[in-house]
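Both complexes shown next keep subunit A, but they swap its partner, so subunit B is in the first and subunit C is in the second.
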Partner chain A sequence: MTSVLGYTVRWERRLHAPLGLRFGVPVLSVGLAFVVGAAVLAANRVDPLRAYSQISMVFLTLSGISQALSIGAPVLLIAVGLAIGFRTGFWNIGAEGQYLMGAVGATWIALFVPDIPPTLVVPLMAMGGFVSGAAWASGPALLKARLGVNEVLTTLMTVYIALQLVFYLTLGPWRDPLVPAFAGTAPFPAYARLPRIPGTSIDPSITIGILIAIVLYQLMQRSRVGFEIRVVGESTSAARYAGIRYLRTILLGMIISGGLAGLAGMVVVSGSAGYLRAEIAVGYGFTGIIVAWLAGLNTLAVIPATVLFSGLKVGADVLQTTSGVPEAFTVLFQAMIFIFVIVGELFRLYRFRIIRTLSA
Partner chain B sequence: MRRIIKSFPGVVANDNLDFQLLPGEVHALLGENGAGKTTLMNILYGLYRPDSGQIIVKGREAKINSPRDAMQLGIGMVHQHLKLVSTHSVAENIILGLNEPRFFLKMDEVHDRIHELGERYGLPVNPQQKIWQLSMGERQRVEILKILFRESDILVLDEPTALLAPPEIGELFAALRRMASEGRGVVFISHKLNEVLEVSDRITVLRRGRAVDTRRPSETNTAELANLMVGRPVLFKLEKKPFSPGAGFLELQNVEVMGDKGLPALKGISLEIRAGEILGLAGVAGNGQRELAEVITGLRRLTKGKIYVNGLDFTSSSPLDFLSAGISYVPEDRQGVGSVASMTVAENLVLREYRNGPFARNIWLDFKAIDEHASQLVSEFSIMTPDTRNPVQNLSGGNLQKLILARELSRKPKLIVAEHPTRGLDVGATEYVHQRLIQAREQGSAVLLISEDLDEILTLGDNVAVIYEGKLVGLLSAQQASIEVVGMMMAGSSGG
Partner chain C sequence: MSEVVAAVLARAMETGTILLLAALGEIYAERSGVLNLGVEGMMLLGALGAFGAAHLLGNAWAGLAIAVLIGAVVSLLHSFMSVTLRLNQVATGLSIYLLGVGLSGFLGKPLVGVTVPGLPVVAFPSVQDALSKVPVIGLVLGRLLGGLNPMVYLSIALAVIMWFILFRTRWGLNIRSVGENPSMADSLGVSVFRIRYICVMIGGSLAALSGAYLILGLLGSWTEAPAAAPVTAGRGWIAIALVILAAWSPLRAILGAYLLGGVEALQYTLQGFQLGIPSQFFTMLPYISAIVVLTSFSVETVRKRIGVPAALGVSYSREE
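Right after this comes the complex of A and B.
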């Protein structure tokens, strides 16, 4: 350990991570991101205080909140699913691909399966989205469980396969025959769209997402399956010793995380978009990873983390139009939060002390 | 080390402790779990800072803020839980953390030096092997060589014999004597009385954070040391009813399996364990004991042979089937296999029973029942924990072992596979575990006791099987067996 001016920093592993830090780390991470963000804004000749007050307006106006919630639903669903998947020790980086496949599955039901009674279309689309996302995720899960193939690589690679598949479908067999100049499907019929809460742009998906987050939290903490997932995530050999079926458990984790990402895809094509285009791949699957970690893989904490992230996104869009702040600022901001959370994890696990050492 | 005080939340681990190590001596630190032996040495090694007190190394007061400072002062430590990178080679582990060489590693020179040190101290290892391929005893040698490689002259070994078989213990002691004769100071932490008497020049006994006394082996005996250590006289006798075995519970026929290294680990084992029988399995570490235990608990697939439990073919059954058939298992690897570090004491106590009543109601777990169960076992087995919601990563090694034993013994098992059940336990807890194993036998359980402590096997066992290189080389009744005969068989000599 190097000492500077007669002082040394050393760390000891904490026996108990204090409760204060469990909340302190995410809050402080976001705070620090604001501070560093202010410097970046100032360097771009934007008054940070004015910019932040504009962002905060998002959380104070009805239109701002409804916009934040409408983009929040897919992120919420994805992050909740990832929180469970990560808990099984399965590093699913490919939620973006599972999200796209969910959108594909939902689109297929909306446009290409004939003779469904109109009232059943939306529920079937939701199922189709879930199943497609889960199926897309189960490939890497099987490869890992059976052959030990690293899932970080396979899940990430399947994102690009899914994206190319969407390109193929929207340029080829599923292209809207009426507007052949665009790569995209025809608009969905009204019965294949999520209903909206009158007078707003909010659809019920956010409520469903919140319900799912609460139910999964209960399952993780108090059910047998949740217990099994927690054991498997910590130690596969302890899980085998406990008589837990490893394959079944990580498949279940993957079905939940892939399925919810697929459901998010359905929510987007059936809700705000109303068609399938490759442009729906805006990175919700990657934002979801950050949100899940900011929430400490706790599905309840995912809810406020999502509100924060989607609010920031909407706020940054506002900034872009009013102050000319580039869109990259949002990404920068999210990345800073992520970095601070990861660094904060170190402080949660270790205690740092500055010690006077022998001075010359 | 003078007047060392160190407290942790709720306990004073070192209470005004003095300790002196001379060059050229092996100095034993003797005490029960939690007496403060490891804390004191962690202070010396810079892992903890004392609340107050002085450390004087070679006549000068030293401030030791990190292991690096300690190493620079010539202090090296072998921890109870070995700290090696398992996918790296022996040589890579030994040079890990060294400042020299800066860029280019001359691995040939390193290999030669490791060979030479190994020869000199009687601790041979192959520097090119990966750590995961080595037995626990070999891994410990690597840790010792690592210190010798750094030319440390103060060596601290924390319970080094806990991992070793009798012949390996002899080799270790010879190496320790050799180091002392070269003028190094060796601190030997243990709670085993015989070993301490055998190897040390001086013995300091700790009890509840205080140094009770320092003796020379010639001035004392086991009974007196036990008394100093526990604070009350200790009985070394066990009450045991005569052997009257019931029906066979588990039978292995010609079992063969592969080990982790991809080589045959068991080569045609046939064995029967009966209800009401304690079968001791003796052997030097790495001769197939762990693989045998894993076969009997369903954790390792057979390549040949058959297993019958209660007369039913269990050859291709899952770990859950073995568990449900009433087979309990106390695994050697407590942290990696036997428990889940981040989960609570209560959750770990139902790790193997969570799916059964009264802990489970349809898909939900009943945490009230789980907590009650935990409170009961915590007091019954005197597991030291502030509460049952404490994550087990905060428990000491001995307490974690008690937790695993509590869980496995309380299931009313038909067969207990106990792998080194008293390793790391103090005298009092060992006594208790032995009583519980005998009690289980009297209630009609079968027990397979895997241990390298021959005293333990011969006192508890009704019959003794000896394993060598994956084969059973002897099966004798405890009356016929003597330490000499079994020791010979463990070393591969077929006589007897």
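Right after this comes the complex of A and C.
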């Protein structure tokens, strides 16, 4: 390392990150993003304190909470899946596409498969969503595992392909014949919609997401499969040496992350939306990446991270209507959190010492 | 018929130039051992800066200059994270991408609906006249050599110069050695850090220039796009695939760029023929061809022959 004025920084690898840092880094990252975000808002002549108090109001009103929950369900499902996928070292950044394909699979069952008993429609839609998302992810996964094709690029390309496919379906064969001016399917029949929790406007999908997060956490900690996934993520060669079936493990990670993204798509078309339109692609797939990362790829920690992010999203939407802050503020805010988190990661991995070098 | 051919080729070159500029920069970054996955984000920021500057200053060339500057500054952030802090380069690239999407969407809002002076098309009527006398291919040649966006010609010149520097000069040798074997280069007195910083900066500047050319030369207006599909429409990612297709050579990147640009150009022509195939399938073509390129160049035998920089994506520190 280069020395400055006779001092250099020495990097010492930590064997175990102290608990304080494991919590401190994500919390500090979010805090720093709020500070920088305040500066950005102020530069755009928006009073940051007023803006932030409006965002925090989301968590204090019933309508705010129910809106946040309806955003939270898909984000949670995507982030939980990605946390597992990233653990296998598979950089799936195409969750947005798998989400769209999940929505397509669920829509197909809701509108175009005849003679399904009404009570079975929603469960079959959920399966259809999961399978479509997983299938869409399996292409890049197979290419990576078999041929070593860079999955970052292929998964991203498949987002654009999925988006065009949805455009094609909603403008073409699946277009609502009653409203031909609109690119979208007909509204789903009542039996294809997720039921509401009585007395509220939300559906139970968030609880299913939380349940999946807990189950997967247990699986990662306690089971052999979880162990294999963790080893593959640490080092491919170590995994091969330990006799772990690399291909099987990476495909499993991919099925979980693609499938849950697909399930998120089903939750949106069957829950809050009630139809398929390209507009459902609002970037949950990208938000999910940051949520998973902020949570340190721990599926339990994904839950509070999702609460934070969906609250921010609803808050930013409020800001857009009240103060004209562009919608993209959410993306910017998320990008800042991501940068702070990956830099903060260093402090978890290394101890830094400033030492005096004799040569200077 | 030759009018159609001329139009397709002209369009292939003009859209290919977007990819070429970004890929040229990425070639330098990757040759020095740094994988920059933030190309798309840098393109977006370059496009935003160029559009804003061209609007405020009333001059498209000033817009391009501002874009180059922005690209260099954003690159400093990327090299600080990836070279100095030695963070995972997939994560750093992704963070630049998201920053580009967020910042361009946020700051670009007031630019929606604004008009700017575009880049003038260079036309040499005398050249076109002279070439049109050549039998059969005269019209095509005239169109391609005498009437395209100036950035097309500039990018070709740039590719040649960048190829020469990379393979025929001491600097180029240093860049390649840093990307192949940084500790050896270091022991021979080449500054790994300095070279990587410079190459990432070249990469970022050209990515931003590519975004600037896209918005000022081809699109002409700023639109509010969803986060899932920003105005650059994934071209930054396709440019990274192009680097592999070009086997990290600036000269081969020219051909590869026009090939992939041709795929995009062809979709408009094919749509015009009314083949009964929905347009969405044509729009998918560039992404599908990028996947095909990535796949075919990942096969072991091909990969060995094209020579991936050995230290690509690997951080360097003297201590370890």
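In this text, the second predicted complex is superposed on the first by the 340 of 360 C-alpha atoms of A that agree within 3 Å, B and C clash if a C-alpha of one lies under 4 Å from a C-alpha of the other, contacts with A are read in each partner's own complex, and residues count from 1 in each chain.
Quick note on the criterion: contacts are C-beta pairs under 8 Å (C-beta built on N, C-alpha and C of every residue); 3 or more make two chains touch, one makes a residue touch a chain.
Quick caveat: nothing in here was measured; it's all calculated off a predicted structure.
Of the two partner chains, subunit C is the only one that A:A335 touches; subunit B does not reach it. Residue contacts after overlaying the shared chain place A:P177 against neither subunit B nor subunit C.
In the superposed pair of complexes, A:I289 makes contact with subunit C only, with no contact to subunit B.
In the superposed model, A:V159 lies in contact with subunit C only, and not with subunit B. In the superposed model, A:R222 lies in contact with subunit B only, and not with subunit C. Look at A:P114: by the touch rule set out above, it reaches neither subunit B nor subunit C. Among subunit B and subunit C, the chain that touches a larger number of residues in subunit A is C. 1, 10 are the residues of subunit A that lie in the contact sets of both subunit B and subunit C, per the superposition on chain A.
Of all residues in subunit B, those touching subunit A in their complex are 8-9, 47-49, 63, 65-66, 68-69, 297, 299, 318-320, 323-324, 329, 331, 333, 336-343, 347, 351-352, 354-355, 360, 363-365, 367, 394. Interface residues of subunit C facing subunit A in the complex, by the touch rule stated above, are 37, 81, 85, 87-88, 90-95, 98-99, 101-106, 108-109, 193, 226-229, 233-234, 237-238, 240-241, 278, 280-281, 283-284, 287-288, 290-291, 294-295, 298-300, 303, 317-319.
Interface residues of subunit A, counted against subunit B in their complex, comprise 1, 8, 10, 12, 15-16, 222-225, 227, 230-231, 234-235, 237-238, 240-245, 355, 357-358.
Remark: subunit A residues 1-2, 10-11, 40, 91, 93, 96, 143, 147-150, 152-154, 156-161, 163-165, 167-168, 171-172, 281-283, 285-286, 289-290, 293, 326-336, 338-339, 342-343, 345-346 touch subunit C in the complex.
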